[in-house]
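Each structure below is given as structure tokens.
Look at the two complexes coming up: chain A is in both, with chain B in one and chain C in the other.
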Partner chain A sequence: MQIVKLPKENLDKFVGSLSKFGEIHAPIKKDENTYLFSKIEDLSKIELNYNRTILPPKKYFLPPTETIFRFSPEKGYEPPKDNLNRKYVLLGVHSCDIHGLKILDLVFSGTYVDNYYFTRRKNTSIIGVSCIPDDMCFCRSMETDFVEDGFDLFLSDMDDSYLVRIATSLGDDMVRASQSLFKEVDKEDIAEYKRKSNEMKNYFKIGLELYNLPEIMDLEYESKIWGEMGEKCLSCGTCSMVCPTCYCYDVFDELNLDGKTGERRRRWDSCLFKDHALVAGGLNFRKERSSRVKNRYFHKQRGFVAQYGRPSCVGCGRCIQSCPAKVDIVEVITKIRSVDYE
Partner chain B sequence: MAKPKVGIFGITGCAGEQIVILNCEDQLMDILKILDIRSFHTALSENDEKCDLDIAFVEGAVVQPEEEILLKEIRKRSRLLIALGTCAVWGGVAAMKNEVSRERLKDEIYGPAGKIFESIPAQPLCSFVKVDFSISGCPIEKEQFLQAVASLVHGDIPILPKYAVCTECKTNENTCLLLEKGGLCLGPITVGGCDARCLSYSIPCSGCRGPVEEANVASEVEILKEKGFTLGDVHNQLRTFAAPAEALQTYFAKRGRE
Partner chain C sequence: MSNYSAKSGADNIYQPSLARIVRILPQIKDHRLFELRFEDPEMRRSFTYNPGQFVELSVIGTGEAPVSISSSPTRPGVLELCVRKIGRVTEALFRLPLNSVVGLRGPYGNGFPVEAMERNNLLIVAGGLGMAPLRSLLWYVLDNRSKFKEIILMFGAKISEEMLFKFELLSLLDRTDMKCLLTVDKDEEGTWPVQVGVVTRLFDFVEIDPEITYAIVCGPPIMYKFVLEKLLERNLPKDRILMSLERRMKCGVGKCGHCSVGYKYTCIDGPIFTYWDAINLPEMI
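And now, the complex of A and B:
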């Protein structure tokens, strides 16, 4: 992988040059402690030193709601009006979120490929950025604190400059289009990069122990902790909305008043919702809130491991930050693992 | 196929849902193409008070004995009865002081004039008649009403989202007013469908759409107490729109015994 250096004073120029590769979206500051990915019209609004955005980049590939097709007796089924082929440049994506997208790729490339998702994926270039973890980040313990693919460029913050990893030919095109803005990496940069890399582990304050976790969860299937979580959980769906790997959606028809034409749509769903497991005939196989909380944890840390070989949690900390009831995945897993917890 | 015969009725409420229907200006002509509206006192000069109806939409809470009689007559005439708006579905603002005697309330509000009419504690429609479907909201969302009409005419039970306001608030990427700003926000236990409109204008959710299915009132109260609100503050907000709701009644009855 080729690595070049971008002095920070050249960042704006470089980002400006990216507009010919697509509409630029990057994190902006929304409020005191909240950030979000947004369309960038003013480069000075870009905030690359952010902890986490409210919604993960998943919103660009699987929007919260979207039309799947339109229907009418005359024209039959027609594709949605949204242009899936618009080009985007998503700048400032953290390693955990890139892993999140890679997990969604696994899911949506299964037996039935989701072309809506992959068309958008194909048309969006990803430029990653390094970050300093805060007290809710546990990506290191989920092995998502660094990333080797799934991006076109990755910027590692070196205080006065970024070391830029070039991972794809598109990334290479982006750098070549502004060649004069980049410099070669020198010996001092290498020493500094190593120093920063070696320091990184010291920043993490929390973490999950993954060793034997699926088995421990199986053994603790009947643990009282699920009941306790069921008491606290509001079933509000927040954790699923903000999760970079929650991919469940609900499909429904929106009929026009003529009773003949309309749209089939989908919107993000959550396994915490009571009607998520409601089936024909009125049977609900996860009627109790506790069983729904348990299901969420089991799917992320146990079921997904069995199916895809790794947990579907990337340790981004969004669910910890945004749960109104302060349900904290690291606390829950630590409790389950604890010998003293009965 | 003949157009379904429809009645749109209002009992004690602000007529807000009926106004929302009339505000569907771009769709009114289409609505008239598919519905045979026989009774709609807010909009029609001539109303058929006796005919059988396929669908009755009823707004408002039952606050007077006459309204109970009227509601039961509407039920008898109608194949489907749809509760429209928070008052009809949950009791609404008229029910917020149900624990105070009606005599005292009438005296405080109307003085001697209050003696000429009867009043009963405000109740949602379902306390008196079978309700086939509910569209909550203060007022209802125009889009939900139109979706419901389209589904009903098509012969389907409408499907409205049952999730909490938080769900839509998050997808709109609002700053959480409960966690980040310490607001008395009922979003986690209030049914969504409003696209978290107030929250998008930095106003905490007041619970105007009524409680979400399986509302975890106990957990919500604990969260708000941690934010510095008293049980009284929370109770006052909760009972503003949905005091008769079972989730609230059960929670506060239990608290009362502690």
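And now, the complex of A and C:
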């Protein structure tokens, strides 16, 4: 992969030049320790030194709610003519979140391709940025602390500059459009990059062990931990909303005031919600809260491995940070793995 | 096994195609058979399916619900859905007059492995609305009679008035190329012409060669328990017992997450699962 260097004093100029590749969205600071991806009108608002945004970038591809059809008795169902084709540049995406998008790609492709998702995906370029883990990050355990593809450019912070990995032809166009802002990588940069890279592991405060985890989860299917977590969890669904890989959605039809025409919409849903597995007539396949919490963990750490060969958690720490009941995924898995916990 | 992918709206997997209700046949209380015809002649020609597959049915203005296809692909042209009135979408469907237009997309799900089932005996066991997908299979095998060995149908209802497709099924009693066993739990008036008793009692009337038999079971949850017991007693291999599962569904295409069961999605990995699959998936039964 081609790698160049962008001195930090050139960053604003470079980012400014990106607007011809699409509307720029990047993390901004909302409050102390809260960041969010937002449309950038003022380049100085961009905050590339952030731990995690409240909502992951999935909101750009699977919006919290969207209209999938407008319907009328005469014309049936017509997709909205909204501009799915609008171009975006998403700047400042962390490695774990890029992995999150790659996981969503797996889900929304396959035999049935969701083109609401993929049209947006195709029209959005991704510029990644390196980060320093905080005490809720465990991406290293989930093997998402490094990313090989799924971005156009990736900026690695080198204090005075960024090393810029160019992964796609579009990324190359972006760099070429502002060629004079970039420099060549020299020997010292390489040494510094390696030094930083080797230090990285020291920052992690928490982690979990993936080895044999699927089997251990099968063995602990009846563990009392699920009951304990069921007691704690409030079924608020926050963990699903903030998760970069949770994709469950609900579909509902909304009538306009004329009582005839309307919209078919979808919106984020959560398997923690009580009615997620409820069928007509009142049978609920996951009536107990404990069974719903268990389902979330099993799907992420066990079921997804069976389906796609890797867990669907990327270790971003958002669910740990946002859960009002302090349900902590790392703690749960650590307990399950522990020999003493029965 | 041939697996048909969705024919409706190639680049939008959620696009319903319009279809007209051309006949409504009331069945038992709160159950009706709807005969549908696609508005688009091209869809009418190209829509093919396997027995056991389902469609997502839209009632315009109300919503969508998954419904098994009750007709057989061997009888193309019309599509029959047998629907029970139970909630918002199904109630809205029942309010629609004849000749109304609804939306359809599909066919979805794996359907029965009909090719693997050829040259075998088939034991079809149904209860209640479980007959809806099994009727598709039944007519499929009867229309391809020479490809299958013995065919046995066991179907039970509480009382005669609650038997779905009653007259159609009673007419099968005369066929010499299959064994049709119909039972009602209770027959207070003494007018039921054949067996009385729960569906599992019908096992007293059949021989099963476990080596060359596929059992196909679909019915309410409690029925599975007792029927599976009987089948295992008769040494039927667990991977020769096929069952159709029901879970809440929204998308029908493996995206929305609602129909998950253990590690699988009922809508794309199922709804037909073998009993072996079932016991290997937590949550399944």
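Rule of thumb we're sticking to: the second predicted complex is superposed on the first by the 341 of 342 C-alpha atoms of A that agree within 3 Å, B and C clash if a C-alpha of one lies under 4 Å from a C-alpha of the other, contacts with A are read in each partner's own complex, and residues count from 1 in each chain.
Going forward, contacts are C-beta pairs under 8 Å (C-beta built on N, C-alpha and C of every residue); 3 or more make two chains touch, one makes a residue touch a chain.
Keep in mind it's a predicted model, so treat the numbers as computed, not measured.
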Between chain B (first) and chain C (second), which does A:69 come into contact with in this model arrangement: first, second, both, or neither? second
Which superposed partner A:324 touches (first chain B, second chain C, both, neither): first
Contact-wise, after the overlay, does A:235 reach chain B, chain C, both or neither (first, second, both, neither)? first
Considering only the touch criterion stated at the top, classify A:252 as touching first (chain B), second (chain C), both, or neither. both
For A:107, select first, second, both or neither according to whether it touches chain B, chain C, the two together, or no partner. second
After superposition on the shared chain, which partner residues are touched by A:308: those of chain B (first), chain C (second), both, or neither? neither
With the two complexes superposed on chain A, say which partner A:36 touches: chain B (first), chain C (second), both, or neither. first
Is A:273 touching the first partner chain B, the second partner chain C, both, or neither of them? first
Interface residues of chain A shared between complexes with chain B and chain C: 252, 255, 259, 262
Contacting residues of chain A [partner chain B, same complex]: 30-34, 36, 53-55, 59, 64-65, 231-238, 241-242, 252, 254-259, 262, 268, 270, 273-275, 289, 321-322, 324-326
Chain A residues touching chain C - in the complex, by the definition given at the top: 68-69, 71-73, 76-77, 79, 107-108, 110-115, 218, 221, 247-253, 255, 259-260, 262, 264, 266, 269, 271, 276-281, 283, 285, 291, 295, 298-299, 302-303, 306-307
Which of the residues in chain B end up touching chain A in this complex? 27, 30-31, 33-34, 146-147, 149-151, 153-154, 156, 159, 162-164, 166-167, 170-171, 173-176, 178-180, 187-189, 212-214, 216, 218-220, 222-223
Could you pull out which chain C residues touch chain A in their complex? 5-6, 11-18, 58, 60-64, 86-87, 90, 101, 103, 221, 246-248, 250-251, 253-258, 260-264, 268, 282-283
